[in-house]
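Take a look at the following structure, please.
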Amino acid sequence: MTTTKFVDIDFSRIESDRMRLNVGPQHPSTHGVLRLEVELDGEVVTNVIPHIGYLHRCFEKIAENMNYQQVIPYVDRMDYISSMNNELPYVMAVEKLMGIKVPEKVEYIRVIMAELNRIANHQIAVATFGLDAGAFTPFLYLFRDREYILWIFEKATGGRLLFNYFWVGGLANDVYPTFKEDVLNIVKQVRKTNKEIEELLIYNKIFIDRTANVGVLPADVAINYGCSGPVLRGSGVPFDLRKAEPYSIYDRFDFEIPVGKGEVGTVGDCWDRNIVRMREMEQSCRIIEQAIAQMPDSGDVQSAIPKKVRPPKGEVYFRCENPKGELGFYVISDGKDKPYRVKGRAPSFVNLSVLPEISRGYLFADLIVILGSIDIVLGEVDR
Amino acid sequence: MGLLDRLDNPFETGGIILGTLEDVLNWGRSKSDWYLHFGLACCAIEFMSMNASHFDFMRFGIIPRATPRQADFIMITGTVTLKMAERIKVLWEQMAEPKYCISVGSCANSGGPYWQYGYHVLKGVDRIIPVHVYVPGCPPRPEAMEEGMMKLQSLIDQQAIFRKRQRIAEEEALLKNKI
Amino acid sequence: METFNVFEKLLGQNILSALISVLLPLVFLIIYALIAILGELKISAWIQERLGPMRTGPYGILQPLAEVIKLIQKEDIVPAGANRLLFNLAPYVIFAGSFAGFAVIPFTAAFVPAEINIGLFYVFAVGAFAVIGIVMGGWASNNKYSLLGAMRSASQMISYEIPGALVILSAAVLANSLDMQKITALQDGGFWNWFLFGGPGGWSKIWILPFTLLLSLIYMITSLAETNRTPFDIPEGESELVAGYHTEYSGMKFAMFFFAEYSNMFIVAAILTVVFLGGWTSPFGSFMSGYWWGIFWFILKAMFIVFIQIWLRWTLPRVRVDQLMYLGWKILLPFALVCFVVISLYRIIY
Amino acid sequence: MEIQEIFGVLKEKFGDAIIDLVNEPPSDPFINVVPDKLFDICLELRDNPEFDFDYLMCLSGVDYPETLQVVYHLYSLNKKHKVVLKVTVPKDNPKVPSIERVWRSADWHEREAYDLFGIVFEGHHNLIRILLPYDWEGHPLRKDYKEPETYHGIRVPY
Amino acid sequence: MIDYFKNVWTWFYTILVGMKITLRHLFAKKVTIQYPNERYPIPPIARNRLQLDPDRCNGCLQCSRICPVQCITVETMKVVPDDPEQPKMFDGTPRKIWVPRYDIDFAKCCFCGLCTTVCPTEAIKHTTDFEYSSYTREGLIYHFSAMSPEKVEEKKKMLAEWTAKQKAAKAQQEKQAQASNEVN
């Protein structure tokens, strides 16, 4: 089935009233409390104005009033879908300021946890994307698998969603004895379900027609808007911080960077962004398998935790590859117990700003799909 | 309302009829609650988990509705900010009676982790709308939300429908005496 | 088998038999709708590896009843700025439209509420009633989402009437009749006599067998579109238009929309059953055939179609407005036209 | 390119507009810049093929006791080098030229800095609040900010 | 034209593939845990409701200090050395500090687990109990102190007397010292 991009039609000659539609803050598919002011010409979107801030929880102000250890629970609550990945850059920024070298085992556990959480995050992203396109069943299959990952998290850390597990210099506690087997089982399960999802949803012709050639984001626009993560890679730019500037121990693993190739449509359309997430799950599985094989059995995960977290005067910007993109923490220390300033560079915040650019000229139904393909979390957009 | 009063009198055997009718009506309302498809923050993710296969919220007869007009109860799942507060109030007013509210998680209960320095956070959703059940947790486990739901169902089961004012007054008087 | 109306035969043509003929489908509709709602909940749950309602009666079978009891008690809201008359009227118009379709549905050889010789034509005409109700409701709600949903729905239903009508036309040509009882009676004598497999006749029907199969498929797709079911549920697509044309409806009026949707599902399933699956005839010739068995076969076949509708709903994503139109006008219509021509030729030759 | 080289080239081109280079590990090295010339410097950093800074990582405001500061973290996807620019403005007249036209990602970042710090970005096409409601008073991330008693009739403090 | 028919075929075929998968799941084993009757075994490490063992708490205030949300309110009181009761801790060591008030507000708690890690005597712990939703907000404030109000009053009085005595003794001492100074 062909899809016409409605931009090609000259609307200036057709005089019609524009309709202003408020989507959100309560709307089933705004992924939280985003409000979009949409200007419609019939069903064609002529302009979108995102209004954010409905979940502004004052993270940066609170961080100035907490000591370094106490900030971690709040960092969890920024991007609540991938908390492990949030803690990592913050903890590593403080470690860089203090010059702490964490033990080998800690690094491995951190990587495994972060990658597991990346899988969980992408599962939600693909699931809600399918939901936006109207497919309800894949949503539940993915959530079923995510539940198994959460059970591992709960067994290892005590929390299902918000962990407070990575501490400055180590971990809150060691993993449980059968951790390795459980993780390997999960990897197997994830692969099995992903194959099913590909048949049921990704390569379904209706789904392809809905998402291919929709919301095309060219590479140069994506870079200029500062997009990162699957949004940038979907446009064909092979940029991944785990490869570009390997932090932690990511240089020890063999994995690929999946990019959008325009298999069913144009490079950088919604389908490409989605397939990048699907393939990243597979790459995460590979990383986890390698990390499990290399992980040392013995070792104290708390040996490097400082008695008092009090970094010297200085400032550091540390960034990691969050599932959503580049998550950076800009930490300024004035030598006291509490950080002078913590700024979170949230990937969703930056990725969302490209929405008006790529949704102009498509149908209203496409706007929902485009928004779903960007995969935002409002907790991170508003902080 | 002479007839209703007579029916409600246990000595004229009407109490049984009305009581049974009341039970049936309450049963209908408590077993078929439709919630407003609405999530705010972290708790909404656990809320989604609860709808998923492992916990299956639909076992309680609960179906998501996207529009407040058709919803019976709202779950405030997450932090309510001041910008959002007025919207929630509007949503609540749009819902059709009888309606209920469950406040899920620390943020909705009292501002949670943000109660001290959160200049833009509403410290408890009960400042703007009435709350029937408070579910603690940050975020609560899906089972905890289900437990809160069961609490709400037992609340609905005991609600008075006939001679409402009189009975509410009696209950209040009883409560006062106790205190 | 001889066809007649059992109540008219027993009581004579009077007001009482007419009343019974009207009320019986209504009772059936209500019972069916409750079962279908439960089926929708349960089948969707099983497909998703869940259990569905479990705590309302044994295995949750009383769930639809609880819902009805609840909906009766809900407050009836008319939004400010809505057109009060049209807003209140719309659900009844839709329900009346879908219920009127039951008038010509032959449940068994011995019972059809109103036996008229243009039954198929009548069902189609009455089915278009729903569009009026939806547009009324959508416009009167004074809500942008409702209006968008109503407009989408109107365009969708009107464009899908055309391939649907072509399918019915082909069937009428094949059967030489528009009377639903006659069409059913023609297919008596086993499943190989169904119009799905080319209808009654000798080996020459092999020539049209692929075309009748295709026609039934086309009708299945159009029926989904006409009842606003996934993948064509864009008028009430939850992720886009909140709840579409019934966004502002609450309580009993919403229940009317709900009932109308399920009764529409049954009507299209019934048409499909009558036209292609042999209606009340037994699939095994004279085995298990008769007036009473007729009811069983008819409802079984119709329910199977309803099951397929539910099954599809929980499998597929939703199509987009322009794709819907593309599918209707550029795929279904040419295919239906080709089938129609072939079948007409076949009728002329044989 | 190393930070020293970048500093050298920039100093040669812009002279006094580039104040100094601060390099004290473990902090990231940064270059202090005069606000007036910021736009030209950024354009140079983006368009000069030697620099090729096509990616604005982060733009953050910082409130120091006397001054307000805007920090720009730049990165080049091709050359894989980065640079940090800092602009310091007085508190009573916090005006910084907008670089929204250089990197579009600065658009929302600048609105956020305006919202939370009250730094005015001159030349921004739509400088309004982004996170807080449009009728909010004050800029909360300043150290001397006091939270309001009520907002639209709702009590704010616990 | 070929593309057209190919498109139509892929439509049809992928729909059939999807239907096959959902049909398989229709008869698959269901994963639902029927919560009030069946329960998922919660690991002991899980962070749910906090529980204080008043016997173990030595009133060091570390938990309330580390708590990011300040949801733990602790009041402490010195134990008078000549208390006739001779209070003991869980392991038999003499108790130095009374804890007349130990309140946790679960409407604020963020379940981060920091308080349990800093506690030197493992008095405060996360339990696996999560079923404590309430009809009122006050119902979420838990009072963990083992002391009855009467006992608190009694101990307060005792402490006041003791401090007064100490003060008096101190004053006397000072007086004596002054006197001795003056003598010198």
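We just call them A, B, C, D and E in the order they show up, numbering each chain from 1.
Basically, a contact is a pair of C-beta atoms (placed from the backbone, for glycine too) under 8 Å apart; a residue touches a chain by one contact, two chains touch by 3 or more.
Quick caveat, the model's predicted, so the values are computed rather than measured.
Chains that touch both chain C and chain E are the following: A, B. The greater number of contacting C-beta pairs, out of the two interfaces B-D and A-B, is seen for A-B. In terms of Cα centroid distance from the overall Cα mean, chain A ranks first.
With chains reduced to the mean position of their C-alpha atoms, the one farthest from chain B is D. With centres computed as the average of Cα coordinates, no chain lies farther from chain A than C. Centre-to-centre spacing of chain B and chain C amounts to 37 Å, using the average Cα coordinate of each chain. Centroid to centroid, with C-alpha atoms defining each point, chain C and chain D lie 62 Å apart. Chain A and chain C have centres, each the mean of its CA atoms, that are 44 Å apart.
Between chain A and chain E the centroid-to-centroid distance comes to 32 Å (mean Cα coordinates, whole Å).
Counting partner chains per residue, chain C shows two or more touched chains at residues 47-51, 54, 238, 242, 314-316. For chain B, the set of residues touching two or more other chains reads 37, 53-54, 56, 59, 66, 83, 110-111, 113, 115-116, 119-120, 138, 141.
Listed for chain E are residues 15, 18, 21-22, 25, 30-32, 34, 40, 42, 68, 110-111, each touching two or more other chains. By the contact rule set out at the top, the touching chain pairs are A-B, A-C, A-D, A-E, B-C, B-D, B-E, C-E. Within the complex formed with chain E, the chain B residues making contact are 53-56, 59, 106, 109-113, 115-116, 124, 126, 131-138, 140-141, 143-144, 146-148, 150-151, 155. The part of chain A that touches chain C in the complex is made up of residues 1-4, 19, 21, 27-29, 43, 130-137, 140-141, 144, 200-201, 204, 206-207, 209-210, 363-366, 368. Those residues of chain A that touch chain E in the complex are listed here as 1, 66, 69-74, 137, 141, 144, 151, 154-159, 162, 164, 172-173, 176, 196, 199-201, 203-206. Partner chain B is touched in their complex by these residues of chain E: 30-36, 39-40, 42, 48-49, 68-70, 105-111, 130-137, 139-140.
Across the complex, chain D meets chain B through its residues 131-133, 140, 145, 147-148, 151-152, 154-158.
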